[in-house]
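Both complexes below contain chain A, partnered by chain B and then by chain C.
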Partner chain A sequence: MKRWLGALAVLVLGRGRRKPRLGDERERIVQLRFPDRRAEGFVAFAFIAAAVCAIAFPVIYAVDSIPAQTQFLGLSLGLAFLFLAVACVGLAKGVIDDETEEEYKPPSNPEEQEEVEQIFAETGERFTRRKLLWTAGGTAGVALGAALVTPALSLGPVFHTGSLYTTPWRRGRRLVDEVGRVLRADEIEQGVMYTAFPEHADREQMGAPLVVVRLKPEQLRLPAERKGWAPEGILAYSKICTHAGCAISLYRKPTFAVVEPHEAFVCPCHYSTFDPAKAGKVIFGPAGRDLPQLPLQIARGGELRAAGNFSGPVGPSWWGVRLHKARSGP
Partner chain B sequence: MKRVAVALLIALAVAPAAAADPPRSGIVHVKVPPGTSDVDYGAQLYGGNCVTCHGADGRGITKSVKGAGDVPGLGPSLRGVGALAADFYLRTGYMPLEDPNAQPRRSKVLFDERELRALTAYVASLGDGPAIPTPHPERGNLAAGLQLFVENCAGCHQAVAEGGYVTGAVAPPLEDATPTQIAEAIRIGPYLMPRFSEKRLSNQQVDSLIRYVKYAKHPDDRGGWSLGHVGPVPEGLITWFVGIAAAIVACLLIGKRLSG
Partner chain C sequence: MIRGIVRFVDERSGAAPFIKKTLRYVFPDHWSFLLGEVALYSFVVLVMTGIYLTFFFKPSLTQVHYHGQYLPLEGRSMSEAYQSAVDISFRVKAGLLIRQTHHWAADVFVAAIVVHMLRIFFTGAFRKPRDLTYFIGLTMLGVALLEGYLGYSMVDDLLSGMGLAIGYSVLMSIPFVGANLAQLVWGDPYPGKHEFESRMYSMHVLVLPILIGTLLALHLALVAARHHTQFRGRRATERQVVGAPTFPGYAPRSLGLLFSVFGILFLLGGLVQINPIWQWGPYHVADATNGAQPDWYLGWLIGALRLMPNFDVTIGNYTLVPNPFWGGAGFPLFVFFVLYTWPWLERRVTGDRAFHNLLDRPRDAPWRTAIGVAFFTWVFIVFVAGSADRLFVFFGISYSVQIWIMRVAIWVVPVIALALTKRVCDELVRGEQVEVRRKAAEAEALA
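== the complex of A and B ==
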């Protein structure tokens, strides 16, 4: 990274040293005017301002305690682009002379070709503080580039994905509702969707929330290895959609099953639809993975307990989501 | 070509209106001698208007049969649904339903008040079902209502109760829903909506929910101009018109006209 930056600086600074080759012995086409030092100063200032705003972006990004952080992030990036635009406009209008060549000269005419080249070279000659402008522009470009790649840091753990497989569920852990009351099997009714959490565990974890529903046992089409995962037809799945990680807050159930679609969980974000009777199979929408199922058991006292961990990792998919099974954590 | 396009446009404009129309034919009004009880009157109305789909004595029809006037009948049992469900389906115009495969939608109520009362009484007499609820939204808590609505309803009906979609059905807007109808729908879960039993949502919580829904219809626009509560549309239009004007001005300032 350091070497790249060094090379870039050499490139930027070195360019200013080149002397214009054309125009010395020829008659000028573009009239040489007095260098407009004020315009150059203005452009340099705009470039520096763009660079400062762009540098502010990763700084604001890094400091989480800033109130209204998102707004400031937007402001810094927006101002950086604004100053960059101002600098470009200033450069075009105040520093470089422009000469419009209306017709494209065919390459068969070498003399006219040279003329165009001469115009091109001469337009830049009013630059007196070339080095300054190149440095300022280069700094602005590098800073803006850095600001643009900064959000990639939010993409989450790349190498240490172990925590993504961890859920608070393990055999014997009880299910509680939103207010912490232990859920009993006999209060789970058909046609109602319940949200449940692990008892004595952090609810904010991705693997914590569940959706619990009761279907008729004869409706179930679970694979053979999940036999016994749904006692009395009570099923539990992760509440986090496997597509983008929204909470699955929609449950549809037919009032008159003969003509209406069957039971399904629907994610309100992009309408991924999962079939609870078929082990959380995706039946519609963008989700690429079935909803992870949590095996249940009914304890002797009638309360619901987990009988193990999820059938697969919970939450939105990532590159290694199929590599490991869900693990029990704190 | 142009005429075809115009005809298409007219057809498109008329089609939703036509689809929303309730079945105008098929309602049978019965004459009964004065003094007939509501249940008996309701039984006669039931025979004229409901029996094709819901079957004799409200037992339901689960295999399509041709009923009166060759109308195919198919419908759930009404035993035990109670006055609550009858009141809801009849007063929202969900029933009678033209096509048993279609989702019931809010439409014009074709029965008069007395007929509604009689039919509700008859359906209630078919089994031991819940009575019509009497919600008290004024006793509810608005903030709690918002919280409950966001947790339980907003997924489909949207946070402002404007309605939305679920795969396979439309979640209706709650604009025209009366407090009683909201309370009924919560307990029934019409069509694909889940049910919410009293254990899941207490009557007190239902009061709060209704209070929020009522509030969402006429929100307190403390910020000033409400922009018609049509979401980001006005803001978008401002972006287009003001933003594009600014962009054009910028172009004029930066650019240069080619002469000649």
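== the complex of A and C ==
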């Protein structure tokens, strides 16, 4: 039985294996070396392992009851490729000594260079009014280029930057919270930062969101012209950082007031820090312009309303940003 | 059989001499010559996984309410773009694997380009006749950065929106034309018109990939035209290149690398979570999250934006240059300017206009190596500053203290790095000379 199996193995495995041809009359390109049979077995094993992993992929894909399907899919596909890589490295070992050399090309081809130049020069000699033709042709090229670029202007209002000054706030507009509930002055607690929006207006514009906080009235250091902008010490500022347009979502407040720094708004993108007590002054980080403040008033029912528009344009700065004031829009 | 195929092809194209030449094209052997290939193979993965993603992604900012597999987002208002990206992650079978593999491939792609570029720089491979190849490579790096940025901005998750707001602000900050350019690109004040999403999409899946593909083809054609560089060897000289021919010597090695890159990227995509957009949530103008970090290759820009002291350049009440310009535009433009002009600068200073097929070892060009180390150290510290808030979480060093340390360190550390590198290079060269003299003396003594 053992001998029969042995014979069968020889028959199956031995088939198709060619003896390396020695003494071929032509000069060899790939040099001859006796093959390493163990390495070939290793490569075959790696190919089969790759096949097994690759087969596992559609199986895992089809069986929904497998937990962590993404992980197993990645594992099977990743390992399939890695086994292929292992097989390639095995194959590479078999031809590692295949080395050759080649001359680098000459640095340049002066003859052809001259001929190219000659072709253009001789063509030029067929025309006499060269300067005129160049000028006219150049004009046509530039004009046509400009014409072809023109449709790009439809992308956006390139010459109209006025809308950058527009915000939905105006005198009397009520402040609402994230779910649209009207904010009342007596709900604003100290030490908490509230996000507010204009009532009945589009929230997805930089001019809309506010941060609202309450400080002790004696903490306030607002300039004289903003007296009355913060009734009961309630202050509202634009929520959009004047540096790079991120939403200010951090409120730093002292937990041990004696030694810790006072309240401040912090933007989480580049940590620009603004002082709510000092009219939104930049106290740290890269912002180059104070945070615009919105004047508030408390209506008869205790609800918070805007008493006007922001102290300056909202959002990131641009050249000439301070030329105009914030304007009320839709 | 091979005879038959070759005959068929040759009789129809006359390509047999070309095929023969290609098969025996020489690849010099050094591990560092494979870095560019890693970038190339990552790009292949990017294109394949990217095409798959386009079959499911919906580039639309139309607002919808989410009712899907991921319950924490139930009922939230979001764009169709974000919803479709969440659906790719949870509803499309194998979708998360492909999406994460795509994201990992992007990170590896840019990393491989950067490391490849460093290799080219420090071995002097950018010198004539390969300066044009180097410029094209640099351009690809720039395009790849933009491509990656648009890719993760399209998804419209919270991080996308924050990144776009920063991009918008940087564009706005360009003196005299910034606001106009931003209006042109976005179509409206930020967050802009809904069309902006489709603009990003067509750039990300059409224009920029074709641009990268074209530059890549040009890059490889130039490499092949002038052949690879090599380190000096017994037979490896300025006139003769030595290495493994494409087939059979080099092909299995390169294929092995290709499959390794594929394998590792899919393992990462399946096993290591990246950009879990469902946790960030949809973007709204009024929202931002703390401790947000962009993909690594934008870290240097966020670092530069963070390190700037707080000023706008103004004349009276007239704002000339808003702050984000310096970190977001000035800094990267300067870095790319230095990299583009370096070959010219080096030619001017050294007067070396010769052809170079042999590479320098870094120690052989001590000044280039020293200046390069200083320059990249400078960029690297800025990059680290981009993670100062994370460093605060891990090590507890106050954020503002870190920023002040780094504002000084970016000017001091590169100078130290320069002096140190120059010294190390000189010592290494001197050590070799001593060794050569010792061997000569020994030989003499024996004789």
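Here, the second predicted complex is superposed on the first by the 172 of 330 C-alpha atoms of A that agree within 3 Å, B and C clash if a C-alpha of one lies under 4 Å from a C-alpha of the other, contacts with A are read in each partner's own complex, and residues count from 1 in each chain.
In this section, a residue touches a chain if its C-beta (ideal position, glycine included) is under 8 Å from a C-beta of that chain, and two chains touch if they have at least 3 such contacts.
Since the model is a prediction, treat every value here as computed from it, not as a measurement.
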Which superposed partner A:239 touches (first chain B, second chain C, both, neither): second
Partner chain(s) touched by A:319 [first = chain B, second = chain C, both, neither]: second
First (chain B), second (chain C), both or neither touched by A:69: second
Which superposed partner A:92 touches (first chain B, second chain C, both, neither): both
Chain B versus chain C as contact partner of A:284, first or second or both or neither: both
Touching partner for A:189 - first (chain B), second (chain C), both, neither: first
Which superposed partner A:163 touches (first chain B, second chain C, both, neither): second
Per-residue contact with chain A, leading partner among chain C and chain B: C
Which of chain B and chain C A:299 touches, first, second, both or neither: neither
First, second, both or neither for A:250, with chain B first and chain C second: both
Footprint overlap on chain A, where chain B in one structure and chain C in the other make contact: 89, 92, 98, 100, 102, 249-250, 268, 271, 284-285
Contact footprint of chain A on chain C as seen in their complex: 24-26, 93-94, 96-97, 100-101, 129, 162, 165-166, 168-170, 172-193, 199, 225-227, 235, 238-245, 248-249, 252-253, 255-260, 262-271, 284-292, 302, 305-312, 314, 317-324, 327-328, 355, 357, 389, 399-400, 403
In the complex with chain A, residue positions of chain B that touch it: 62, 74-76, 100-101, 151-152, 154-156, 164-169, 188-197, 199-200, 253-254, 256, 258, 260
Of chain A, residues touching chain C in the complex: 29-30, 61, 69-75, 77-82, 84-86, 88-89, 91-92, 94-96, 98-105, 107, 152-153, 155-161, 163-164, 166, 195, 197, 203-209, 239-240, 243-250, 267-272, 282, 284-289, 315-323
Chain A to chain B touching residues, read off their complex: 89, 92-93, 98, 100, 102, 178, 187, 189, 191-194, 249-256, 258-261, 264, 266, 268, 271, 273, 284-285
